[in-house]
Every structure is written in C-alpha cells, then in structure tokens.
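Letters A, B, C and D name the chains as they come in the text, with residue numbers starting at 1 for each one.
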Amino acid sequence: MTSWLVELGQSTAALLMAPALVGLIRWLKARLQNRCGAPIWQPYFELHKLFAKEAVVSTNASWLFRAAPYVVFTSTVAITLVVPLMLVPLPFDGFADLLVVVYLLLLGTFFTALAGLDPGSPFGGMGSSRGMTVAALAEPTVAVAIFALASGAGSTNLGHIASRLIASPMAALTPGHLLAFASLFIVMLAEAGRLPIDNPATHLELTMIHEAMVLEYSGRYLALVEWASAVKLLIFFCLLANLFVPWGIATTVSAPALVLAAAALVIKLGMLCVAVAVLETRVAKLRLFRVPELLSVSFVLALLAVTSSFVLR
Amino acid sequence: MPLFLLLGAPLLAAVIALMRSRYARLTGQVSVWLSLVPIGAAGYLWREVNRGAPVSAAGDLVRADALSVVLISCVSIVAALAAWLGPGWWGREDLRDYQIRRFVIFSNLFTLTMLAAVVSNNVGLMWVAIEATTIVSAVLIPLRLGKSSVEASWKYLLIGSVGIALAFIGTVLAYFDFVQRAGATTQALNWTVLVTAAPHLHPDVMRLAFVFLLVGYGTKAGLAPMHTWLPDAHSEAPAPLSAMMSGVLLAVALYAIMRWKTVVDLALGTPFTNRLLIGLGLFSLVIAAFSLVTQRNYKRMLAYSSIEHTGLTCLGLAFGPLGVFAALLHLVNHSLVKSTMFLLSGRLHERYGTTNLAAVTGLLRTMPWTGALFAAGMLAVIGLPPFGLFISEFALLRAGFATGHRLLAVVMLALLVLVFVSLLTHLNRMLYGAGVEGLRRGEDHAGALVPLALCLAVIVALGLVIPAPFWRLLTMGAAVVTR
Amino acid sequence: MMAGGLFSQLSVLGSSLALVFGLFVLWRRSLGAYVSAFAWQSGVVAGVAAMVAHFSGDHALYLVAALVFGIKAIAIPRLLTVMGRRFGGDRESHPYVNTEASVLSAAVLVLVAYSVTRPVVALSQLPTRGAIPLAMGLTFVSLFVVISRKKALTQIIGFLMLENSIALLAVLCTYGIPLIVEIGVFLDALMGFLVMQVFVYRIHETFESLDVEQLRHLKH
Amino acid sequence: MNAGGAEIWLRILLVAFPIGAVAALVVRGALGRAIVAAAAAVGSAAGFALAAMVLGWGEPVRGSFAFPLAPLVFRLDPLGAFFLVVTAIVGFAASLYSFGYGAGSPWRVLRTTGVNLNLLLLGLSLQVMADSPLTFLLVWELMSLAAYFLVLAEPDEPGAVNAATWYFGVTHAGFAALFAMFFLWSGGALTASFVELRAVPLDGALRDAVFLLALVGFGTKAGIIPLHIWLPRAHPVAPSHASALMSGVVLKMGVYGLVRVTFDLLGSGPAWWGMLVLALGTVSALLGVLYALMQHDLKRLLAYHSIENIGIIFMGLGAALLFRTYDLPLLSALALAAALYHTLNHACFKALLFLGAGAVVRATHTRNIEELGGLIRRMPRTAFAFLIGSAAISTLPPLNGFASEWLLFQSLLGGARIPAQSVAVLMPVGVGLLALSSGLAAACFVKAFGITFLAIPRSPHAEAAEEAPRSMQAGMFLLVAACVGLGLGPAFVVPLLGRLIARLPGLEPAIGLHAANGALTGLPDGLGQMSPPAVALGLVAVAVVVAVVLRALAPPFRLRRGATWGCGRLLQTPRMQYTATSFAEPLRRVFAQLYRPTEDLTVEVHPDSEYFVRAIRYESRVHPWVERLLYQPLLAMVRGAGRRVRQMQAGSVHLYLAYMCAALVVLLFVARWLP
C-alpha cells in the first residue's frame, strides 16, 4: 500500500521537479558563458504566466490542434508512473515495460507533429517533417539499446533491469553496458531536442525543430507542451541514471532508504545536467543532414553493446 | 449401319451441292441439317462401344473402337458447328454463290475424309484419307482469292503432301516387316491384325518406320519443326475451315500417331516412342510459347496456341496410362474450345476487317457478346478453372510428375506461365480500350452465337464434372493406346 | 539360282536407272528436260513393277504397272508439257544450290539412304533387297529437288518423283501393298497433282510468275 | 459434414455468397446493391460463427465434394479458422461499406464488383478449408480470378488493365510454383489430404526445393519484395472495399499457405530457411515503408505499407523457423503467435485505412494527396476513423498494431538465447530495422493524415468534399472498434493463438503462451510483461487527473480565434503549406543511397551573366530499382528470345521443307542409338 503511495508521490514529484531541471541547465549554461543567468525557478514563472494568458488558435486549426497538448502531456506524465525514480520494484512495473515507454513517447511526438501541420503554416510543416525524421531515425538505436539491456537483465521491465543491476553492481561497468549508455545518451539529446541536434533556445526559422512544431501554440496549450517536454527530459535523465547506474536506489519502503534514494537521484540528475550544459556550451548545432550521421553512430554503439554482451556471455 | 450413316451424310451433302449449281444457300442449309446425322451416329456408336464391343463393318475394313469414337464425336460436333456458322446458313454479302457452293462441297468432303480416317481399320486407308484431307482443305483455303491465301495454301499443300508421303514410307516399312514375319495378306494392314502380330515385329525396322510415321503425321499434327505451314494456313483459311483444321484435323493426325505408337510399343517397348514424343512435344511447346510473346495477328496467335496444345497432348501421350487419359481429355477440350475461338475470330474479322492485334481494341464495347465469349474462351485456352482445360492440363502435368519426369514437368509449367502471360496481355489489349473510330457497334445475327455459347458451357461443365460414360469412354480409349 | 540372280540384277538396274533420271533433274535447267526425265523414270518404275509381277507371279502388280505407266508415264507428262508450253519461259535458272553442289549432296544422300536402310536390307530375304537403298536414295534426292528448286513446276515434279520412289520402294520391299490401298494411293496422287496444277495457275495469275521465292509474305 | 452446429453455418456461408453473386448479375439499382451487400455480410457473419465454433471447440470440420480426378476435400482446423476470422471481419466491414460506396457508380462497374466481391469472399473462405493439393490449387486459382476481375472493375482507369495483367501474371507464376511444390512433394500422387503429405519422406535437396517453391509461390501472393511488383499497381486501381479485402485478406493467404506448409506439414528445416525468410521480411518491411514515404497517391501509399507489414509478419515467421531449428519451441511459438496476431491486426487497420481512403477518393475524385487537405472539417467521422487507423499502423499504444509488434519485439529479444552466436547477432539488427520501419511508418502516416485531412484545402475538389454515407461509416467504425478491441485484448487473443499453435507438430509447448491477469507476458519465464488495458487505463486516469487539476488550480481558460501566426506573416494561401513531397524530403535525402533517385536540374541564366538566374527547374523521380534490376532485364530477355524464335518462321517454303528433312534425318540417326 505504501509502495503505491510512494509511486504516486514520486511521479508527482517528478512532474513538479521537471521545470527545475530545465532551469538548472539554463543557469549552468549561463554561468559557463560568464552570464549571471536567470534563476533556476524561471521556468515555473513562465509556466504560471502562460497558464494565465489567453490562447490564440489559428482559424485553420481543427479540434486535433487543441487536443494535441493534452494528449502529449498526458502520455508523458503517464510514463513517469513506471520510470524508476527512487524505488524499485514498483507496483506498476508489470503493466508497462521499456518498449511501452518508448512508444508512448512516440505517441507524443506523433500528435505534436500533426499539430504542427494543422494550422497550415510552413514552419509547422517544416518542424513536423524534421521532428518525425529525427524521431524515426532514433527508434532503432533505442530498440537495440533496449535489446542490450534486456539480454543483460533478462527482461524489458524497468524494475527488473534496475534490480538486476543492484543485485550485481559491477555489471554496470561491463563494456556492453557503457556502450549502451553512450548510445542512449545521444538518443536522449535527439529526443529531448537538445544541442547538437536541436536548439531549445532558438527561434531562428531554419534551424528549429521542436520549437517549429509548437510555433502556433500559446497560452495554456504552450504551457502544457513546454511542461511536457521538460518532463520528457526528466524521464530520459532518470532512465539514463537509474537503468545504468541504479546505485543508491531504494529496494525497500523505508524512510532512510527513500531519503538516500532521493539524494542519490538528485545528485545523478545534477551530474547529467552539468554534462548536458557543458556539452551544449562546447558544441555547435549540427546541420540537419548531419544529424543522421550522429544517430547512425549511436546505432552502431548500441549494436556493439549487444554483440559485446553476446561475446562476453 | 451407323458407320455408313456417319460417312454417308457428309458425302450426300457434298453430292447435293455438286448437283445443284444454283440455290447455294439452300444446299448450305441442307448440309447444316445433314451435319446433325453424324452426331447422332456418334452417339449410337458411343453407346455401343461403352457396352464394350467395337463396331465394325465392311469386312472389318471400317471399325470404331473407343479411341475412334472419341475422335468421331469431336469431328462431328465441330463439323456441325462449322456448318452452322459457315456461309451456308447466315447469308454472307461478301461471298458469291459459287464460293458458297465450293465451301459446302469441300467442307463436307473434308469432314468425310476425317471421319474416314478415324473409322478405317486399315492403316493404309487411314493414310489415304489423311492425305485426302490435305487436298480438300487446301482447295478451300483461298475461298476469297488473295495473294496471301494462295501462298498459304501452296505451302500447306506442298509441305502437307511431302510430309504425308514420308508417313507412307513408314507404313510401307511396317508392312514390309509384317510381310517378312507373316507373309503377304490383304488383311495385313488392318490395325487389329498388326497389333496382334506386333510383338514379333523386328525392332530395328519398326524404329525406322516409326520415325517416318512420326515425322509424316507430325507434319499434319503441327509438331515443331514441321509446324511451319500451320500458322499460315490456319490464319488465312475462312473461319469455319480454320475451326475444323485447328479443332480436329490436328487431333486426327495425333490419332494416327497414337495408333502407330501402340503397334511400335508392342514391338519394342514404350521408352523409344515416349522419348521421341517428348522431344517433339517439348520443342513444339517451346516454339509456340516464344512465338506467342510478340505476336501481332490474333488468328496466328490462336494457331500458335494450337501448336502449344498439340505439344502438350504429345507430351501427355508419353506420360504412361495416366498421361494418355489426360491427353485424350485435353484433345477433346481443345477441339471444342479452339474451334469456338476460331469461329469467334471470324466474327471479329468480319467487323474489324483485319487480323491485326493492334487494330482490335474495345472489343467488349463494339461486340459485347462476341467479346465476352472470346474472353471466356481465351481464359479457357490458358487453362483457368472452371474450364475443362484446367482439369486436363492439371492431369497432364500431374502424370508428368507421377512418371518421374520432374524437371520436364517444371519446364512445362514455366512455359505454360509464359503462354499465360502473353495470351492474357494480347487478350486485354483487344478487350478494353476506347474502340475503333466509326466502327458499328452491336451484334449482327447474334443467333449464331448460341451454339458457341453452348460449346463453352460444355467446356465449363467438363471442368466441374466428368460424366461417368464419358469417363468410361476415355479410359477405354486410353486402354486402346496403352494395351 | 539363275532366275533369282537375274531378277535381282534387273531390279538393281531398274532402280538405279530411276535414280539416274532423278539426278538428271539436278543438272538440267529447262522444264522440258524435267518432264521427259520424269516420264522416263515413271516408265522405268512401271517396268520394274511388271518385272516383279513376272518373277513373283503376283498378277495384281501388272495392274499397278499399267496404272503407273498410264498415269505417270503418259497422262501427267502430257499435262506438264501443256503447262510447260504456257510457262516454259521461266527456267530453273538460279536454284538455291548450284549444280555441282547438288550432285555432290545427292551422292551424300544416297550414302545416307544406304546407312538408313541397313536394317531393312538385313531383314529382307527377297532378291530385290539390293535395290531398296537405291529407291530410298531416290526418295532423298527428290526431297532435295523439292527443297532446292525455286519454280513451282519443278517442285511438283520433285513431289511426283517422291511418289515414284515410294511406289518403287513398296514394290521392291513387299512386292506391292494390298491393291485397295494401292488404288487409293493412286487416286490421291492424281487428285494431288490436279490440285497442285490448279494452284500453279493461281500462283501464276496472282504473282505473274511461278517463282515460289516470291511466296514469303506470311512470316512469324 | 460432421459437427452439427458448425454445419449450419457452413451451409449458410456456401449459399449466401453465390446468392450475392447471382443477385449482382440480375438485380439493378439500390435494391441490387442492398441484396449483394447483405449476402456478403451474411456470408461473412456465418464464416465468423463457424470459425468461432472451430476455434472454441478445436475439433476440425470436414466435408468433401465429387470432382473430376479426385474429390474436393475441405477441412477447417483452428489454424484455418483463425484466418477465416480475418476474412470474416474484413469481409463484413467491406460488405457494409460496399452498399454506400456503390451508389452513383455505373451498372457495369457495380455488376463486376458485386459478383467478384462475393466470389472472392467465397474463395477466401474455402481457401483456408482446402485440405488436398487439388482443392487448394483450384480454389487458389478461382480466388485469383475473382481478384483479377476486381482489379479490372473499372478498366478505363489509367493503368488498370496493365495492373491487372501484372497481377494475374505474377500470381499465376506463383500458382505454377505451388503446383510444382505439391507434386514434387507427393511424387505426382493426388494425395487425398494434406496429412498424407506429412508422412511422405523427403530427402534434403528435395525438401529444400519444396521449401523454396513454397516460399516463391506464397511470397508472390503475399507480395514480399522482390515478388511484390504487382502489388502497388493492382491495389490502388481496384474499388476501395476490394482493395481493403485484397490488402487485408488476400495477401494473408500467402501467410496462411506458408504457415500451413512450413509449420504444419513440412517440419523443421536447416537454419538458412529461417534466416532467408527473416531477411526477406526485413528487406520488405524497410523498403516497403521507404517507398510508401515517397508516394503521393493515397492508395498506392497504403499498398506499399501492406508490403511493409507483410514484411513484419514474415520477420515473425522467419524468427519462428529459426527458433524451431534451434529447438526453442516456446520462443518459436511466441514469434509465430506474434506473426499471426499481426496478420489479424494488419487486416483490421489496413482495411480501415483503405476504406477511409476510399471515402476520401469518392468525395474528392482524386487519389493525389497534394490536392487534398482540410478534410477533417468536411468529413470529420472519416477523419477520425482514418486517424485511429494511422495511429494503429504507426504502432502507437494502446492500439492493436503496438500489441503485435510488442510480441514480435519480445520474441526477437529472445533471439539472444540462440546458441549459434553468428546467428544470434543477426537478431539485434532485425530488432533495429523493425523499430526503424515502425518509426518511419509513423512519419509516413503523419504525412498521410496531416496532408490529407489537416490545414487548408489545396484544391476545389477538397473544398467540395462531403461526408461519406452512413453505411460506409458503419463499415469503417466496425474496424475502428476492432482495432481498439484487439489493442486492448491481447490477453484474450494470445492464449487462443497459443492453443492453435500448440496443435502444430513440434510446437506443443505453445500451450504455455498464457497471459496472467490481463497482463501480456513475452514468455512464461520472464522477458518482459505489459498490460494494454492497464496502459489505457493509466492514460485515461492521468487525463482525468490533469483535467480536474487544471480546472481546480489553473486560471480560467480563454480562447481567441485568429489568423495563423507563422512568424508574423499576414496572408495565408494553400500554396504556402508544406506539401507531402517537402514533408518527405529529409528522409529522401537520408536514404538517397537506397532510393537511387533520378535527378535532373536545369538552370536557365541571363545571357549577360550567369549570376542572374532566370529559371531553375529541378525534377527528381524515385523509381523502385528492384524493378529496374530484376524485371526489366527478364522481360527484355523473354522478348528477345521471342523475336529470335520468330525468325524461324521466315516465310520461305523451301526453308520449311528443309526443316522437315533435317528433322527426319536427325531423328533417323537418333533412333539408331536410342534404347
């Protein structure tokens, strides 16, 4: 029973924590660029402002345009119910596995892209075209990375994977594991729309992908979309953190363990934020047609991960 | 008695036409009615033979066993069809009376000779009759005198006569062998006598004889590479005649080959004849299949498909008892469908005034019923269910596999696919499309289509069920060949 | 025995004569020569038939001899000469195979005939067996004529020679086939010739020539 | 017939379809359409009932009719019954749809369509019951014939005749392959039933030959690359409910045949069988979707997606064969179950999409999506149905496409258990490409749905569009329900499949394919678990919570309609919108190596200086190179051979006589040394 509470609690926490993640990355980037930067809480202010504003919807747009933000937000939030944050195994583990997570994310992208096409603006079309391209090209990497994890842990359920690793912590350092981590990291950059694939900060017409898709959104719709993307980022971070280095995650429902787990989670997320921030300050955005090369690299990494796990078995 | 009715009716019709130089139409109608007599006779003979006893007359000179009856039925039915759609019944504006008269005379003589060939027990007389078919039909080909029809008939006459002469050499050699064994008798050339003596005949001479016979009768049957006259003659002849030639003349020639195959097999076992038949049959199949790929003339297309089916039948004869049965079934189906197709092509020619494939478009619009029947017939020719040819080709190939000719059967299947595709392409090109400018639409004297539709209905019926008596007849016929 | 020896020698002589008349066609050009060669050949065949009738005592063969002589040696040559007078103009000037090659290939064909008829000769006990290959040779030679000569009339003559050779073969192998068949064969031969003659006229009136070479519009 | 209950349904089925066919010939007008549709619907329903009984009670239904050569033998076992269900569902929807669809089309078209629709349904239903080679081949050919005439229903459509010819030609080639297969196998015997074939001992080479012939024969019917050439031609030109049947069900007969032969009758084989099928499947899946991306013709696009999904199904079959070779029966059963499940699912959503496309084409008289747009407002119900179909084919949870692909993923993940490492490493590649094709499918359907239904109409056709009549909507929404139901109910379907797979020789452990309390498990011994109902429930719950929370906490919602912003553009015209071509452009560039597009760029410059460009013309075409490399040379070869053979008939009578004599001499000498 308490585990159910923990489950709901942690996903609520995730939901509330997500904007801070974005804020943290922005702040770190600013510091790295010798700007003082906006406070970490800035995204919350933005969300609050957007919720208060009235939404302007194109006369061309249909019901789908207005439904899409809810679909995206809902699917993303639903995922947080099965992602291991602080506690494994979760009671919901049996209901959805890693594949479900991936395809729920695809569901979000699918509707975002449709919404991008709906108002009939060329930028929206451009955005959805590019967005779907990137999403499609990211799929195989994800799948193979899952293959690597699953063949290691004997299951595609996140809880099992994590608890297997906890059982034998050193398995986290096998080459297959590390390669899979690298590939999934690249995919994270692509899916969450970070540099060098996409620049969340830009509104330069010809370079934007995700921003172009949601260009026509305003008010509450925009708020939901932004929030959802923040949650998406968090989900990827959690996956990277807790599937590959699940150290410190609680296996029993006890206050000290949970506190420890929370602390561990915060530390890991912080490290990932730093990594992303550093990366984003170091690298420039890739040309769109260089992106497939990067993704193919990640695909190869994932394949290597699997094969090495075969060889080593 | 039925045998004499069989031979008498066409003779009578010819004689009447010969006597009455005027009222050509009338004589034509008379010959139509008379053409029903042989069908009746065939039915009677069928009943007799199914009782188990061959019918013979004139001192065993004419004799009808199961095999003959199969051919008799085909010949008489196709002859009736041809007479019905011939120039006699539906007056043709474009034909003069003397032409109609000539047609009536010689088409009946043609029927007579073919019937005589299949009922004569004496292989010498059989040869005489088959030689005569060449002559009478060659006269009829240039009914409308034209460069190409004269050319076609000259080629047909020359090649046919030379070929059949070779068959006579074969006959003489066989007779010589027989005489060496049993001394000269007038009965010697009687098939029944030959068969009884066959096991003692001298193998080497029989080999020689069979080669001559195969080349000779194969020429008439349109086996490659002696087939060359066939596309010309069949495409240039008036439709009813080409129907008879393609429908039954080939069958009659094959009948002669079957008769001799029996004798030779008794003398030196089946493998020899089978190998020769497979060789020629496969070669015919190949030639026909590839000639059909880029064919530009729909009557020649039908002619080549006849060559293809002759080849198939030939291969069937080499596939043991199963194969012979299938071959006979295929022979019957092919006679019906191919004669129908040629008669329909005659209607096409009347309307479009050309035999050029490219010039015929929108057939279904121009002549709905003719077009529909043509399409159905063509689907039957390429061996689709529910038509009879599906069953017979199925049985043929199956016999091929059963007798261990695996590779051969696979090759046959491939060639049949090739034929299927080419014929289907040509057919679709004819059926659909806008149609020709300024061409009259609708059917004229659609009544003529009734018997053709009936014919196709029979083929469909044969594709769904083979009646017991027919089955029995075919089995007995096959037994005659593979005794 | 003497008679047998004479019989066989005569038969060989007769058939070789027939063969020679066949070869005759290969190196002459004019129609008249062809006709006379054919007439002589038919005469020889009739003679051989009569001789066989005499030696074997099979009197039906006298009738056959008479038929051959009457129809092939007299009637048909008449008709041919009539046509010859009409179309005599065009000679067999350019055959497919020139004379030398023709004669050589004829020789080869005779050899082929020898090898082909080996089993027959081996089986036969008749005194006429030595002549059988010659008759077969004549068959091949006349086939060669039909193939290699361009004029319709020449082809007809080749065909008639083919029939002669077959008649000869029948007589030599088996002392004649049953009479009824024989008669039927003759009827066919006659009808065939008549029809061919009709076609010669037609060809001439549609193509203004007897050159069969022109008859090649029907292709593929 | 045994089994009283089922017999009645079989009788109804055997009577209803012919009635429909005859009615189509004789009755005109709305009444005629009604009778035809009703007959087809009743027949399909009867088929469904029959199949349900057989599936439920596992006992096969038998029957036989007299026929030339050998009696026709019919026997419906659970495997066949499963495919009969596929036929029945799509057939029922299509027949409902056909009533409204036929309104307004000319009598000739109606007649052909009505007759052949019923005959096709009859053929499909009998195909899965055929129990002897003769029966199987006969029904096979009749089925092809009906489909052929459906393709030819509107012969004046450009390309229709050509497509029909291609279709029938290739199909007949496949028929020949099957013929050879069966009789090589039985040694020419007319086996009385398939079971006898199982007993026939085959040596290695012959078994391989049989397998390859089966693969070719059934592959042509299923339309796997490179035997697919007829499919994108034939499916678009047929009337849409016919296309739905052909894409949804007729292709599946190839799958059925392959399962029947390789799993039921032929028995386990070497590893390369499975690898070959897996490879073919993967190639078909990837190339299929890639070519689909390049299409502007809505129905052609769907046709290419059929190739993709058939490829996915074949991947399942191939994996199953591999696992069976390596004696992993449970995994093999799982892969087979995935393939069969995807067969059913693809039938549902592909039929749905074709029906939707048909509604669009009927309303706008064009199949070119570049001329469409904004239909979601004019035909909202059709749009919704099409959206569901698109989501399903894009494997989005919780719809049916996802359920079956999840199973397939699970079975492929199990590939790690294959002992031979060289084979095992192929599995992740397969997984990756499967994921890629599903991702590309999603992209493709964003394009298809977005360009067709969203934004502003791009042509007057699209502006004038009207919603489809009720009967057509009924057909579509039936399939929508099927898509959702099958998406939520794998826990019900998979044990069923497990039971029928367990009847196949060597796959008895399949009975272990259970589904614990609504959750779908990859395997009894782990390897992942998920529960579509739970996922759906979770989504709904979250949505409710979100809605409640927003209502409670967020400030009141205000909405204003305005012109599209588009970074501050003032005027918006349809021509400014993204087109399907431009949508697919990035992927076309990424996969240029695979497409090998033909491009030509002509720049017209000012005479004075090439820096002043007057006009730029750029043209690029994507032509499937499989055709260029395989079929064009083949055709050229055959034509050349034909021409060479025709040289024989040169016209000279002397030549002809020479042939004869040559034949004579040759045969004379052959006869010498022939035994």
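The rule is simple: a residue touches a chain if its C-beta (ideal position, glycine included) is under 8 Å from a C-beta of that chain, and two chains touch if they have at least 3 such contacts.
Note that the structure is predicted; figures quoted are calculated from it, not measured.
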| item | value |
| --- | --- |
| Taking each chain's C-alpha mean as its centre, the one farthest from chain D | C |
| Chain closest to the middle [Cα centroid of all protein chains] | D |
| Pair joined by the larger number of C-beta contacts - B-C, A-D | A-D |
| Distance from chain C to chain B - Cα centre to Cα centre, in angstrom | 31 |
| Centroid distance [mean C-alpha coordinates] between chain D and chain A, Å | 35 |
| Geometric centre distance via CA averages, chain C-chain A, whole Å | 101 |
| Intercentroid distance (Cα basis), chain D paired with chain C, Å | 70 |
| Residues of chain C whose C-beta touches two or more other chains | 116, 143, 146, 212, 215-218, 220 |
| Per-residue multi-chain contacts in chain D, two or more chains | 646, 649, 653, 657, 668 |
| Where chain B touches two or more other chains, by residue | 154-155, 158, 162, 207-208, 231, 291 |
| Pairwise chain contacts, counting only pairs that touch as defined | A-D, B-C, B-D, C-D |
| Chain B residues within the chain D interface of the complex | 154-155, 158-159, 162-163, 166, 207-208, 210-212, 214-215, 219, 225-226, 228-229, 231, 271-272, 275-276, 279, 286-287, 290-294, 379, 384-386, 390-391, 394-395, 397-404, 406, 409-410, 413-414, 416-418, 420-421, 424-425, 428-429, 431-433, 462-466 |
| Parts of chain B lying in touch with chain C, wherever the complex brings them together | 122, 124-125, 127-128, 131-132, 134-135, 138-139, 142, 145-148, 150-155, 157-158, 161-162, 165, 168-169, 172-173, 175-177, 179-180, 184, 186, 188-189, 202, 204-205, 207-208, 231-232, 235-236, 291, 295-296, 300 |
| Complex interface listing, chain D residues touching chain B | 66-69, 134, 137-138, 141-142, 145, 152, 155-156, 161, 164-165, 168-169, 172-173, 176, 179-180, 183-184, 186-190, 638-639, 641-646, 648-649, 653, 655-657, 659-660, 662-664, 667-668, 670-672, 674-675 |
| Touching residues (chain side chain D, partner chain A) in the complex | 373-374, 376-377, 387, 391, 394-397, 402, 406, 409-410, 412-413, 416, 421, 424-425, 427-429, 431-436, 438-440, 442-443, 446-447, 449-451, 454-456, 519, 522, 526-531, 534-535, 538-539, 542-543, 546-547, 550, 554-555, 557-567, 569, 572, 574, 576-578, 582-587, 589-590 |
| Chain C residues touching chain B - in the complex, by the definition given at the top | 116-117, 119-120, 122-125, 139, 143, 146, 152, 155, 159, 162-163, 166, 169-170, 173-175, 177-181, 184-185, 187-188, 191-192, 195-196, 198-199, 202-203, 206-207, 212, 215-218, 220 |
